[in-house]
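Read from first to last, the chains carry the letters A, B, C and D; within each, the first residue is number 1.
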Amino acid sequence: MKKIAVLTSGGDAPGLNACIRAVVRAGHYYNCEVIGVRRGFKGLIEKQFISLTPRDVGGIIDKGGTFLLSAREDRFLEYKYRKIAANNIREEKIDGLFVIGGNGSFQGAYLLSKEFGIPIIGIPKTIDNDTYGTEYTIGFDTAVNNAVDAIDKIRDTSESHERVFVIEVMGRKSGFLALAAGISTGADVTLIPEYPFPMHVIVKSIVDALNRGKKFAIVVVAEGVASAKEIADILNEKLKPFDFGGVRYSVLGYIQRGGSPTSYDRIMASRFGVFAVEEFMRGNRDFMVALENGKILSKPLEVSFGRIKKPDLKDFELNNILTI
Amino acid sequence: MKKIAVLTSGGDAPGLNACIRAVVRAGHYYNCEVIGVRRGFKGLIEKQFISLTPRDVGGIIDKGGTFLLSAREDRFLEYKYRKIAANNIREEKIDGLFVIGGNGSFQGAYLLSKEFGIPIIGIPKTIDNDTYGTEYTIGFDTAVNNAVDAIDKIRDTSESHERVFVIEVMGRKSGFLALAAGISTGADVTLIPEYPFPMHVIVKSIVDALNRGKKFAIVVVAEGVASAKEIADILNEKLKPFDFGGVRYSVLGYIQRGGSPTSYDRIMASRFGVFAVEEFMRGNRDFMVALENGKILSKPLEVSFGRIKKPDLKDFELNNILTI
Amino acid sequence: MKKIAVLTSGGDAPGLNACIRAVVRAGHYYNCEVIGVRRGFKGLIEKQFISLTPRDVGGIIDKGGTFLLSAREDRFLEYKYRKIAANNIREEKIDGLFVIGGNGSFQGAYLLSKEFGIPIIGIPKTIDNDTYGTEYTIGFDTAVNNAVDAIDKIRDTSESHERVFVIEVMGRKSGFLALAAGISTGADVTLIPEYPFPMHVIVKSIVDALNRGKKFAIVVVAEGVASAKEIADILNEKLKPFDFGGVRYSVLGYIQRGGSPTSYDRIMASRFGVFAVEEFMRGNRDFMVALENGKILSKPLEVSFGRIKKPDLKDFELNNILTI
Amino acid sequence: MKKIAVLTSGGDAPGLNACIRAVVRAGHYYNCEVIGVRRGFKGLIEKQFISLTPRDVGGIIDKGGTFLLSAREDRFLEYKYRKIAANNIREEKIDGLFVIGGNGSFQGAYLLSKEFGIPIIGIPKTIDNDTYGTEYTIGFDTAVNNAVDAIDKIRDTSESHERVFVIEVMGRKSGFLALAAGISTGADVTLIPEYPFPMHVIVKSIVDALNRGKKFAIVVVAEGVASAKEIADILNEKLKPFDFGGVRYSVLGYIQRGGSPTSYDRIMASRFGVFAVEEFMRGNRDFMVALENGKILSKPLEVSFGRIKKPDLKDFELNNILTI
């Protein structure tokens, strides 16, 4: 009988609870004992371990956030604290540590494997969908739908007041979320870090729209490109000659990460969690779960390190075709 | 056969379309010809008049925004432009101008009555619910639910990361929206302009919560009190000694005004619109529709001018009782 | 120091948890000890009592259903079981029993008062809004919005396929829900038990619409009038000559009772709960909380017995004015 | 310069408008003239052709249903009517007919190709996701989320009243929707046509759950397996000895097909539409767009005929692992 532990690390994402549930129940199904680690790496250092039975994870598949909690833990950057964490894991006789996290969390956990031989299983989650090596990360679909719902609402005001709206969505280094939100809402312009273009091009495309008689527009911008306010200020300046309702901006912020996960996130979280346990039972170690060509498979954990996943240029160009 | 005109003025609010529909169809039902004025007072000045039949307002009861559009129009502050507007109305032989707007729009329209004898009918709308003389204004219920949905989502992150969140909702001079959102989401503290209290009291109440072992909290603040960032900065400073996930803030912004109206807003908009027309048909002029003691009635338009409507202290105190 | 007990009885309704929370926290605020009774009257008979602290009701204001559970209990119709219930209440030294329920539950609880002197406090809830003596019952607003969201969705199919849809909503004896849903969705016909009219009138109004070139229509019917299938069958027969997409029906069913309560229900549940406790502390007994003329007040419990609350004829007629 | 026509055929699905928009705008981008055919094959026979410009499809990406309408048309089964349709298409000098439809619509359209040489381009849509040859069909994701939202609501009542609920979802021959809804809501049992198992097994699994002390359960059944009422009647009979709240059922019905499309459906509809036009411009004819291994590609239209697409057994087994 194996003993496994599961934790969530980094920013929360809708679907974490569904994934924890899947790990716990699949663990139980394959005769594992399951430990939950509270507050991510902090809980490893402080031995915040709780026993988890299948019943403990009932009624959570539809809840946002993570009931195991998450926390920043800078101490984990230091060898001596990782050693404490590793000792805690060994003391508890844990055969595999399931880390539901992003790229950064995988790298942190990987040190436990290299330095102390703790077997690590990574399950990718981040609303940014920017983990290299997998086409999907848990939380992305819900975050996009949250952003789209919000932008659909703002469009009502945009149209009614004939205003140009600049809407800032999450994504410090990555434009997947902005791009998906932009395509879904028919945004006139979508700005993402991966395919930058100069401000005068943006201004021109809005000016062209106003010249054609269109009196409102939506600009979606990933926070990593510029703040909505910056873009709005420039547009306000440049669009002064036109007769329309003016430029406004909105920062969607934290509403994107929360809420009940979509069906897609619940299913992917469930599949990822079950697959991770099954792969572990087959003897695989130090791997991450990944979606590739629409199929779930495992890859060495290191695959995701230090590499950048970019949106398909084809998807970026889609916007040019679809907006007029 | 009477001829009436309808316009929407000021910030958009969910339910405007439902109300226009009600005015048009009730007008038709009582044998009136109905004119729609586009872009509010601007449309009066520029004679942007369109004919509206019952069929023209089909399929809009569930749509946010206003298909008649809305616009700022500073020229209306000048007598000479109001005269142009009045002439346009007279030329069109309009017997009553239905203004779906807030306090400010009513005052503007009232000048047309006083200066030029144009009969005005006011129907109150504003997501702030702060029009004096009526218990309800169209758009408030949807705006509150929009804010509540957003805060419910942010609570997922607040709980998962054990953070204190400061959430800024709309309300420059008025706390109805903040108060309703605060009660509905079980906010630990709700800050509104009408019942100010010093920052140290707020800090104390969060400190008390953290001392009791509660590791997350929600503070709802109306934009008129302070920005979410200002409050968050102070809390961050004061709460440094505590072990929790830190303070974050979010500005809900324009998502509060948009989206499909709730049932309550659709029904109130429909009732207000029909009542306005019926009252007009009974010969009443220069009145506003109002909800008082749960009943719809009419009041002189001037009732709402220059007076401040405050939330019930009892509702404000509710929060003290309900949060721990 | 007083000791109070709270239970939920009858069909569940969104807002029950918000109301339990309010009773528990207001109880605590006014120095009462609070007992929760599980499974309604069944729990009274079987002494399923649990202690409730303010913390126990944290995080539930936004949850549908009732965490105290609800159950049918026919034994409560018998004197000997009511005596057992009363003895359990007395043994526990409970000074007041707060019953969150409908008309039927109030009548059941009232027997405990008359027969055994147990002080009863009634808080009205039912998605039907048909409790006599109060303008509002907890759960109604959410149920209406649930129905409206569903009908808005069905309208997409209705329009796209040019079909007449008959949609059955809850309401065995009462048409408040159907009427509110009908007005909110612009239904062409709304059928409620209180204002019956013959089938040929309904058929005629649909026929008239088809003759005018309208090719789809929505009929909302309260389940107490007839089943959606019955109405659809008749319409199918009568509308055969017309060129349109045919008649379909849908029974909304249980989705109307569930889901996160709207802001309105959360606030009313909170106010009702707090007011009930405050009134109890002022010494009032055997009363129900009620909304009258938009104000919360108390009334003798018996007020609601054996009397029928009807929708305002004015609201019913609204539909005639608003649909074309 | 090419001229293309687009129509929607069969049951409506969320995302149809997004797909029409994509075909129209991509057509425009690649210098095609675009004709919209109203009411599917009926419109081909009756020459209900309208010209579509990019501006005509603005503001529809977020709308459910299809603004081109859809209709049953049995005449299309007859050669003479197909000949009329083909003549209409030729007269209009249409170079390619884009059919957004399911398997059946593709087969119908294919006859126009074989009999009259009309070039056909198929874009798969159906909320059932059962078109052979493609991993995805437009509308599925939204339909699943609609079902999940509804079941999440019913779960509130299920838990509060400790009842077993049997919930019928769409799917006459196919269980994709039921399976996705079952996994997403943590249903205790999911019944689909593709992997039948005897009723006594279902009964046993519910009995086991009740014996373990679980007092509520969700059974999701695809309509093709049995009606919810049938299943509920059997369960009611077999579960009589147990102390719980009884068995209830609900038929979700048409709410599953409607509503604003999810981001996933908007994006897939957009990609499918643009890809279809690009492939057409590259000279490909008589093909369908398909998703395979997560990539969009084209396949001969005949691929989808007469073959059955089944859910992955692995996904079906997921439920056994995840429910306890």
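Convention: a residue touches a chain if its C-beta (ideal position, glycine included) is under 8 Å from a C-beta of that chain, and two chains touch if they have at least 3 such contacts.
Treat the numbers as computed from the prediction; the structure is a model and nothing was measured.
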| item | value |
| --- | --- |
| Required minimum of steps from chain B to chain D, each step between chains that touch | 2 |
| Option in A-D, A-B or B-C whose residue-number contact pairs overlap C-D by over half | A-B |
| Identity of the chain that, by mean CA position, is farthest from chain B | D |
| Between chain A and chain C, centroid-to-centroid distance (C-alpha), Å | 40 |
| Chain B and chain C: spacing of chain centres that average the CA atoms, whole Å | 28 |
| Interchain centroid distance [CA atoms averaged], chain A/chain B, Å | 35 |
| Set of chain B residues in contact with two or more other chains | 152, 159 |
| Complete list of chain pairs which touch one another | A-B, A-D, B-C, C-D |
| Residues on chain D engaged by chain A in the complex (per definition of touch) | 21-22, 25-26, 28-29, 54-55, 58-59, 61-62, 135, 141, 144-145, 148, 152, 159, 180-181, 183-186, 260, 262-264, 266-267, 270-271, 274, 291-295, 315, 318, 320-324 |
| Touch list for chain D against partner chain C, complex | 8, 11-12, 14, 16, 63-67, 69-72, 146, 150, 152-157, 159-162, 165, 245, 248, 250-255, 257-259 |
